[in-house]
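To keep things simple, chains are lettered A, B, C and D as they appear, and every chain counts its residues starting from 1.
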Amino acid sequence: MNVTVKYFAVCHEMLDRSEEEMDLPDGATVRTILQRLEEEWPEIAEFYEVMQMAVNWEYATENTELTEGDEVALIPPVTGGCDV
Amino acid sequence: MFKITTEVITGAEVREAVEGPDAGAVVLFFGTVRNNTDGRQVKHLEYESYPPMAEKKMAEIAQEVSEKWGLDRVAMIHRVGKLEIGEVSVAVAVASPHRKDAFEACKYAMDRLKQIVPIWKREVWADGEAEWVKPDAVFFDAPDMRKTPQ
Amino acid sequence: MFKITTEVITGAEVREAVEGPDAGAVVLFFGTVRNNTDGRQVKHLEYESYPPMAEKKMAEIAQEVSEKWGLDRVAMIHRVGKLEIGEVSVAVAVASPHRKDAFEACKYAMDRLKQIVPIWKREVWADGEAEWVKPDAVFFDAPDMRKTPQ
Amino acid sequence: MNVTVKYFAVCHEMLDRSEEEMDLPDGATVRTILQRLEEEWPEIAEFYEVMQMAVNWEYATENTELTEGDEVALIPPVTGGCDV
């Protein structure tokens, strides 16, 4: 199945792209995507404690199962609003 | 009204979205770009967002306000792209029949925006360096993604 | 900026009076004319004031805010004369380096305005009757003039 | 000595004037003005518990002494701002 994976802020910067299509095996979860990214960018594991994932605009866990056409996003710690 | 925009925020958008003849109190919050962070000179800011999810999360915050205070007049707008010193990055408006509720709900909405709405800030310093801002540990309460989602 | 006016209040007056490159948070409060009071239909309102004393008392409230929060960016404007439903009767703005303080100080300034600033409201009802509003006993804390002055 | 006395809101309405000049004896206090008004409007005494007085834009008591040119005001309970 095909899913779209989006990268923001520091993730966008580190991976040098803002999104990509991934062809995943049936039964794939958010974890499957992270494992692929670890091959390219091993240090990503250091972000896991503060990073979140979203599937179809909703916060998800690494065990969330994916289906064809899902939009997955890596969400670094959010810092919107003002800094006060 | 829950919106990510690249346009200048005037405040009129959110205020008009909440005003009505039965709401005697309107509280507006504006976040603006400061000329320094912890004393270091800021040249300008850049905000990036994940617009559809950001607007969905803003609507969820309004739903929380509705459940806590019974108010359904909440509006939020956040600007993205390059922002100069003094420009408004975010505006939140809440209208209420009672001013105490309007103040509390507006503060709550702003607090939640900083916690769950996917928007990121990059500071470009006067010396030319730039970095994505990490949230203050004290205020950072996003859960570990391996545990229960928020 | 502390002002009694007969002109329409836009909010820009108070906001511009408090904004600055070092204040990251601005909170605005607007009080507007509601179409009813305790269910009785309001046609319009009339506000009267004692302008020099009202402006002096507003400045004193700003001084209290300065002492309590260390903020010197406070502005207050109140309209007098005939006001229609939905029009803004009062606007208060506070700018602060920290949003929590801005919310608290703005609410405090508005609370105090209702307590000590000499402005009076006359309600003109849809049925043609009119009366000077008496403050709610619960909120009324002005001292007996025979005792210590406020 | 001469002082100006101002009447607002319900006081303005009851006395049917918004201000007047009063010629007072030396040593007069705010109380002296109220005694004069009681002659014309005895019910004013019922307002004393909630009403305030101001001398030269500052809240005062009935014992506040007056001097030539003072501006005195009867301040009914204030109800500015919004009613919420």
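Please note the rule applied: contacts are C-beta pairs under 8 Å (C-beta built on N, C-alpha and C of every residue); 3 or more make two chains touch, one makes a residue touch a chain.
Predicted, not measured: the structure shown is a model, and the values here were computed from it.
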Intersection of contact partners for subunit A and subunit D: B, C
Whole-Å gap between the CA centroids of subunit A and subunit C: 49
Centroid spacing, where centroids are CA-atom means, of subunit B and subunit C in whole angstrom: 26
Numbers and ranges of subunit A residues touching at least 2 other chains: 82-84
Two or more partner chains touched - positions in subunit B: 24-25, 31-34, 97, 99, 110
Category of the chain touch graph - line, ring, star, complete, other: other
Inter-chain touch pairs (all): A-B, A-C, B-C, B-D, C-D
Residues on subunit A engaged by subunit C in the complex (per definition of touch): 82-84
Interface residues, subunit C side, partner subunit A - complex: 24-25, 96-99
Contact footprint of subunit B on subunit C as seen in their complex: 11, 15, 19-36, 85-86, 97, 99-100, 102-103, 106-107, 110
Touching residues on subunit B, where the partner in the complex is subunit A: 31-34, 37, 47-50, 52-54, 56, 78, 89-90, 110, 113-122, 132-135, 140, 142-150
Residues of subunit D defined as touching subunit C within the complex: 6, 8-10, 12-13, 30, 48-54, 57-62, 73, 75-84
